[in-house]
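Letters A, B, C, D and E mark the chains in the order given here, with residues in each chain numbered from 1 onward.
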Amino acid sequence: MMTAVPLALVLLPLIPAIISFALPERLAGWRNAANLFVALIKVLIVADLLRQVRSGVDLEWRYTILPGHDFLLRVDTLALLFVSLSVFLWLVTTIYAIGYFGRGPNLARFFGFFNLCVLAATGVALSGTAVTFFLFYELLTLATWPLVVHNGDEKSLRAGRIYLAYTLAGSAAFLVGILWLKTLVGSIEFTAPPDLSAVPPLTLTLIFVLCVGGLGVKAALVPFHGWLPAAMAAPAPVSALLHAVAVVKAGAFGIVRMIYDVYGIGTVAELGLGPPLAALASFTILYGSLRAVMQTEIKKRLAYSTVSQVSYIVLGASLVGPFAVIGGLVHLVHQGIMKITLFLCAGALSNRLGIKAVADLDGAGRRMPVTMAAFSIGALGMIGVPPVAGFISKWYLGIGGLQSDASWVVAVLAGSSLLNAAYFLPMLYRAWLLPPPEQAAFRELGTASDRMLVLPAVVTAAASLAAGVFASSSFSPLTWAKLIAEMGYLK
Amino acid sequence: MSPLDLLVAAPLAFMVASLVVGRGGRWLILAASPAMLALSAWLVALPPDAAHLVGDWELPLGILLRADGVARLLVPATSLCFVAVGLYAWHEFSPKSGRETARAHTFWPLLYLMWGGSNAGYLTTDLFNLYVTIEMVSLAAVAMAAMGSLAAGLQYFLIALVGSLAYLLGVALLAAHYDTVDATLLAIHARPDLPTLLAITVMTAGLLVKTALFPLHGWLPPAHAAAPAPASALLSAVVVKLGFVIILRLWFEAFAEVVRPAAMHLLGGMGALAILYGSIQAIRQERLKSLVAYSTVAQLGYLFLAFPLISNAPNPAEPWAAVLVHAVAHMLAKAAMFLAAGLMLKAVAGERISDLAGLARAMPLSVTAFALAAISLTGLPPSGGFTAKFLLLHAAIEQGSVVYAAVLVIGGLLGAVYLFRPLSVACSGSAAPVVKAEAPLRVAAPLALAALAVALGFAGMMLIELSSLSAPPAAAGPLPAEPGR
Amino acid sequence: MTISTSLGHLFPLTGAALVGLGLFGFISLRHPLRQLLAVNVIGAGIFLILGGLGRGEGVTDPYPQALVITGIVVSVALTAVGAAMITRLAEERRAAGTASDQPKDQGP
Amino acid sequence: MTSAFELILCLMILGTACVALFMRDFLAAVAFFVVFGNLMGLAWLTLGAVNVALAEIAIGAGVTGVLLVLSRSRLLALGEEISCGPAKPWLRLGAAAACSVFTAVLAAAVLSIAPDDGLAPVIDGLMPLIGVENPVTGVLLAFRAYDTLLESFVLLGALVAIWSLAAPAAWPRAPAALRMTDPAALNVAGSFGRLLLPVALVMAAYLVWVGSDDPGGAFQGGTVLAGGFLFAAMGGAIGLPRSDNSALRWSLVAGPLVFLAIGLAGAALGRFLAYPEGTAKALIVTIEYSLALSIGVTLALLVAGPPATTETGL
Amino acid sequence: MTADLALLLPLAAVWPLVLAVFCLVPAWGSRMIALLPLAPVPALCAAILAPRDQVVRTPGILLDGGLALSDTGAVFLGGAAVLWICAGAYAVRSMGSDSRPAAFALFWNVVLVGNLGVFIAADIVSFYVFFALVSLMAYPLVIHDRKPASLRAGTAYVVLAVIGETALLAAFMLASHGAGGSLWIGDVRAGFGLPGSSPAILWLLILGFGIKAGLMPLHVWLPVAHPAAPVPASAVLSGAIVKAGIFGLLTFLPFGVSAPVEGTTLALLGFGGLFGGALLGLAQPGGKAVLAYSTVSQMGLVMGALGAALAAGVPAAVVLPAVALYALSHGLAKGGLFLSYGLAPWCAKGWRWGLLALVLVLALSIAGLPFTAGALAKSAIKGPAGPFGATLIGLSALTSALVLARFLALLPAARAGNDRPPLLLALPVLALASAALVLPMVLHPTVAGKTPFAATTLLGLLESTWPLALAGLLVIGAVALGLKPPSLPEGDLLDPMRRSAAAAHTAFQAAVRAGSASMRSSPERSGTAWRDNLAKVEVTVRDRTSLAVFLLVVMGALLAAFLG
């Protein structure tokens, strides 16, 4: 059904973006209100879409940008998975950002680009063709860059440079890949996978390497992960957003699309592309965790943790088994809410207590117990401790690996869990068990601003707990991921 | 009356008017802008086969004006640039009380001369007439370049003179050989013999000098970097395009049957080298305007990289459109970038990239204009630059030209490297430097241009359609003019 | 009147030689004023080619003549601009006390 | 006989060009350049192109020569040497070789083009339509009037360009005076100039008038006019005008303006730059006179250079 | 009616959870201690009343799992509930004046959920979740007093617990896959017998549960962690929580299917622990540490028996009741001992003698004095353990007795000013002790299918008494001679392990630093050279002479391209 709803959904954030850019600083209150309001509206729209799509309605919006290249926005189950994650987390992060920044400099810019990021991420999710995907993917890069360099110090500028270098190179490779494929088989529409039978396998493999390599940059696959830890120079809401939702997920999401909607499971298996990618993802998982252990800065540690965690999604996608797909997809959401919890907490700690290094965490649990409780839930979830959501993903991934005759996946997951524990538990230990350096009085939920800073993390922590405990209830990410797999890939 | 005449006559009339009016000459831009934009719109809206002979004199002798796809894309874009630059320059080149300068007075006639000249160039098919238009444009360009640095201007002037003469030599050979210099007639009669080939060679080489294709670009960076911002904008956006358009016409229209693939690849190769070399030099620059000037060197490379891609393409319409869209997008974006750079540098009273620190906070609109222009120049979506590079890359991949594809990709990345550097400096620092508020019109000009360059990315289909319009060749049917009266 | 084939090409060939000579002059001379002169020589050569090849039986084709006249006028206009630039540059340089006609604003 | 003359002429042209290019003394070089121009004029005469010959001698040799001499003296006054070198020997050798090859190729191309007056019959056929006799004028002001129109703007633009070079403080003064500094020379030149100016005016008017039927025309007439202005200025008979002088402005734009107006009037009636039936000659003459005036003033000011603060003469 | 009773199972798990949530309310948190004894009550009811082997589905929760109560599970559940009730009651008084009562109550309840849940989970995911709760959430109990020693102990505990969890997760994944994706414990266990199932599963299970249950080389955390916790927590740790591991082994090991290698290994390690733990315990200076080692030893016994049964292919029906009985008996008794240890400082004079008597009875029960509950359990477990195992178990009475004698000796003296223990402390101890002595007797018929001590023969009596007698002689001798036992640090192997880990970490970091430093050897010189060259090129290109030359070259190239 041709409808402008997808387009409206994508473009909605433009309203607060423009408002944010245009309003002077003294009207910050209005700006915050507009941001929150639109974020809320978006949540409602997505909720309605979830209902519609579940009942089998097919919504799309098409516009020919160049001959043979359609701009297509399409609401399908997989898209909605990503969209609902992003709208939810954006609402949360908006609230958090208002509490985080208070009345600092550059805020108009921040909120403006922040909304452009939402726009791009929604676009990435709803893209119905490879070209559309690329457009939003690139827009995402651009919209996040000002956020990365937000602080404007030498470190963030360097981070911005690295970020651009990696991501632009990545998207260039991706662009070459999809154009190449397009010249061979015509338009690449996700719902109607192209017929690849006439293309020589070597070419297909090369294209696959180009595309997945390109997408792998944003998904922070080793060896393309270097930008992510550097991008930690950005303020916490940005890190939260980059790591949990927008950027890395866009990459991982793209890889999922490539494997399932462009190549198709059959072709991937035929070409033997799954195992090498799975191996790379596994290596990334272990390598990222290992590097995380070695970091002394909280955000760096979380960043490497992201490097590791996002590859779970890639791993799930590349194993091309039913459970693995579900595991990968559900981890898309689970990792999102857990990691954002961690970043929100890390940001709150550094913002209110000035805690940046792991060594400074001593006693943080006593000074900001609610924050640290949320952080702990997120961290345990990352380790895979049940019943937090991370466990569910791991479970499905492990079984999926076994289904695809890749029992080493279980070893990888186990190793990763141990490493995760090795870098998260010491943080919890310090925060809860070691005495704080000085008894600085700090009332955690004293002011409204404090509450806006702390409560989002509590909400996401609760969400990650709920996503695990009620994993098989009808509105859980897991159920939705199963639905995607059933409707799309397991027929 | 036809826009084909008026697009040339009107700027010239404004030139005369500005000379007569003297001090108040700058006000004329307020009349010229709507008039020229309307004429440009009229041109675009003309029926596809619009063409006529000047004074109705028949072809071997007369001069044919026509509105083909090239003209319909480039004339409006040129007009937009001129309008924006004119409105921007309205402040800069104004005779201030007690301190009148030559520039404030002469800039305006030169602007109109350049305007009329470039329009004339896009609309005519007569190669000798093109020589005159080239000189109109070059003359104005040299004068504008000399406003910044006489030395650079002189350098530009002399080498451009040689280029013009090379072109003239070719025209002379053709005129003697074929007894006509009309491109549409040459397209029918041209034979691949020595005089013809030599003529194409010297004409192309001469025009390459004017278009500053690597390795003949040496005059460009100093001249473009030193000129006042509006002048730089015109030089980089408008002036270099004319030479390119003529080469395009020569190679794909007048001598389409004569030109060989090897020559196409030679030009493409030079374009590729220009992209790489210009980008690398741009990366090295410490001064903002030098950087932007080298970016022009690099971006011009794309225009020539497209030559082999067009000639080999199974469906040449796409790379053809690509190269024109790139020309248009580069025009808008580069003008915007120079104007924005001018505003920023003036605000900080410096010229180095490092002087820009914190400007994103102090003058967000200018920085935004610069950023939007950078997006288009780098070829990031959605923008005209992206559409162009996308189509080119598509063509390159389609033809299996790995080298060109690689250069396109690498060029885009290098572009990001040098263009995001000033942006990142502008975003740096926590304290905003105190700058004087700019007149809104001055900020609006680059912003509007840059926004247009970006907006082009949404109009891909329309641009392709427009660009593929070709005027009826002379022999294809009776011309709208009655023969010989 | 028929002109012998070789002589019919005499003026155009002279023109070609002038072009070559002027080009050599442009390359090997350093002073801009001299280069300007060399450019004029090239121009004259081109005009001679154009006109010489339009030489018909008895009359010379008016078409190339018209082109040449246009060319000569353009050429003098440009020469004047060049000469003015050279003198102004010398004045400026005198004021600033530097001595080179190569643009100075290069690179970092 | 004719052939021998032509051969010798060509050799002399080449010889004077060589000397003009490479002579160490620039003044002598310019002198040879003027000779070269005159020889070129001779060549054009030989070719039967009187119009071109006039233009070449007046503009190519005359105006350019004056321009170069004037520039030389101004540069010398600024203490700048107009040297030949320094070019590296290897560069000379390489350039010589390359230019020789280029010349050879060019010559080969030229040789493969048969000289003919291919368009002359076409033009002859069209001449009755415009009522003038001189085919060159016909081409310039009717068949390819568009070129000429644009060209007149090139000339105007060149002057504007030169003006734009003026130092900030100099605007809108007059250009540096051309008055001779040596009193005796001034005296001679003054009387000569006073005499020459009216002559030049008359001659210019005549050249333009005959231009429609016989060799001559706006460019030649304008050049003569310019020569008259220049001599008068050198002799102090007339001063150079300020650049914001409105009479000057009007006379500068008169030609292009009239040309453009007539062109646009044609457009209003049918076609741009088309002359209505029977009015062609009258319009052409109108254009020619106004153009000649503007060209004369423009050329004179082109030679005079940009507005200047200094009052240095020759 | 039965359906309603089945709902007791979810209630058993949810009720403590609700209490835990209450603990989070700032105003209530510190008072929640008083409700601790109530937390396990639904579980106790469930153990008694809930229908057996009926699955209560929990749709929407986790992966659509369920809860069910087997006979064995009921024994464990009931025993654990009794222990938790008594310990909770004890905690009401003992932890009442604690500095962090809310945290204690919170984690007490959470661990309780896990501990109870393990016994009633019907699917592996729920099982895993409960198991993770019980093992990881016990960490805050271990380090509750925040003393450095406790923290160190806690670290050791949590490291091994996480490793164990991971091993279990891997094992469960493999198992579930082997069972065709089914998550029900029954299906999974049935799948072990199939030829395709991975041999790694058993090893991983042994590793995972073994850590929890203190299997010998993996036991290092136990002797440090249990004593570190507050007394009631120690009691449940040693008495109930450890049993989760045993229950896991019991539930998942495929008895009846012969697995000689795994079984033998488990048996060897278990029996090794039986003696090793006891001997090491003798060398401990602290009373609670001695008790903890005794736990290691006792659990070693159970696991040895399980291993032997596994190796011999003894069917589950034989193994399960016996082990359940033993676990029940040991759990209650060990809990009682721990609580007594906490009670000792309160008891002076006559009270002390009473306490000593109580402790002695409990100790002898554990050691297996005939006609005690312990002896009953021991005799029951000898069956599955096989002849060799039975012999070892018989011998172990000696070491057990010695260890407990050592504990007796280390029982702390009364604190000055305390002459009679508070009722709230004494009653739970008494209740627990009596439960320990009575409950196994009561349950024995249902478990073993025969009345207790029905087949007691003199020979058998002698056989089981002589080690105890020997132990008594040795103790008396030692006391008479004034011999002092050697003193070993708690957690025997822990310190060397910690040191070598630290050394490895340092070395690794040094290597990384060296590596990254060598990679950063700057290529800056070549960068400058590049810049210089580029600048030179540009200067050349800008010269108009060179431009003219280039023009010629380009012309030549173009012409060449055109011509050929």
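A few remarks follow.
Note that in this section contacts are C-beta pairs under 8 Å (C-beta built on N, C-alpha and C of every residue); 3 or more make two chains touch, one makes a residue touch a chain.
Just so you know, these numbers come straight off a predicted model, no measurement behind them.
Of the two chain pairs examined here, B-D and B-E, it is B-D that is joined by more C-beta pairs in contact. Chain closest to the overall centre, judged by the mean of its C-alpha atoms against the mean of all protein C-alpha atoms: A. If you average the CA atoms of chain C and of chain D, the two centres end up 13 Å from each other. Rounded to whole angstrom units, the spacing between the C-alpha centres of chain A and chain B is 42. Here the CA centre of chain C is 99 Å from the CA centre of chain E. Centre-to-centre, using mean CA coordinates, chain A is 36 Å away from chain E.
Counting partner chains per residue, chain D has residues 87, 91, 95, 99, 102, 105-106, 110, 113, 115-116, 118-119, 123, 139, 144, 147, 151, 154, 157-158, 161, 165, 167, 306 touching two or more of them.
Residue positions of chain C touching 2 or more other chains: 12, 19, 23, 26-27, 30, 35-36, 47, 49, 53-54, 63, 67, 70, 74, 77-78, 81, 85-86, 88, 92, 102-103, 106-108. Annotation for chain E: residues touching 2 or more other chains are 535, 538, 542-545, 548-549, 552, 555, 559. Chains touching one another, given as pairs, are A-B, A-E, B-C, B-D, B-E, C-D, C-E, D-E.
For chain E in complex with chain D, the residues that touch the partner chain are 545, 549, 552-553, 555-556, 559. In the complex of the two chains, the chain D residues touching chain E come out as 87, 91, 94-95, 98-99, 101-102, 105. Taken in their complex, chain A has these residues touching chain E: 294, 323, 380, 383-387, 391-392, 394-395, 398-399, 402-403, 407, 410-411, 413-414, 417-418, 421, 425, 429, 433, 468-474, 476, 478. Residues 535, 538-539, 542-545, 548-549, 552 of chain E are the ones that touch chain C when the two sit in their complex. In the complex of the two chains, the chain A residues touching chain B come out as 21, 64-67, 69, 105-106, 108-109, 134-135, 138-139, 141-142, 145-146, 149-154, 157, 160-161, 164-165, 168-169, 172-173, 175-176, 179-180, 182-183.
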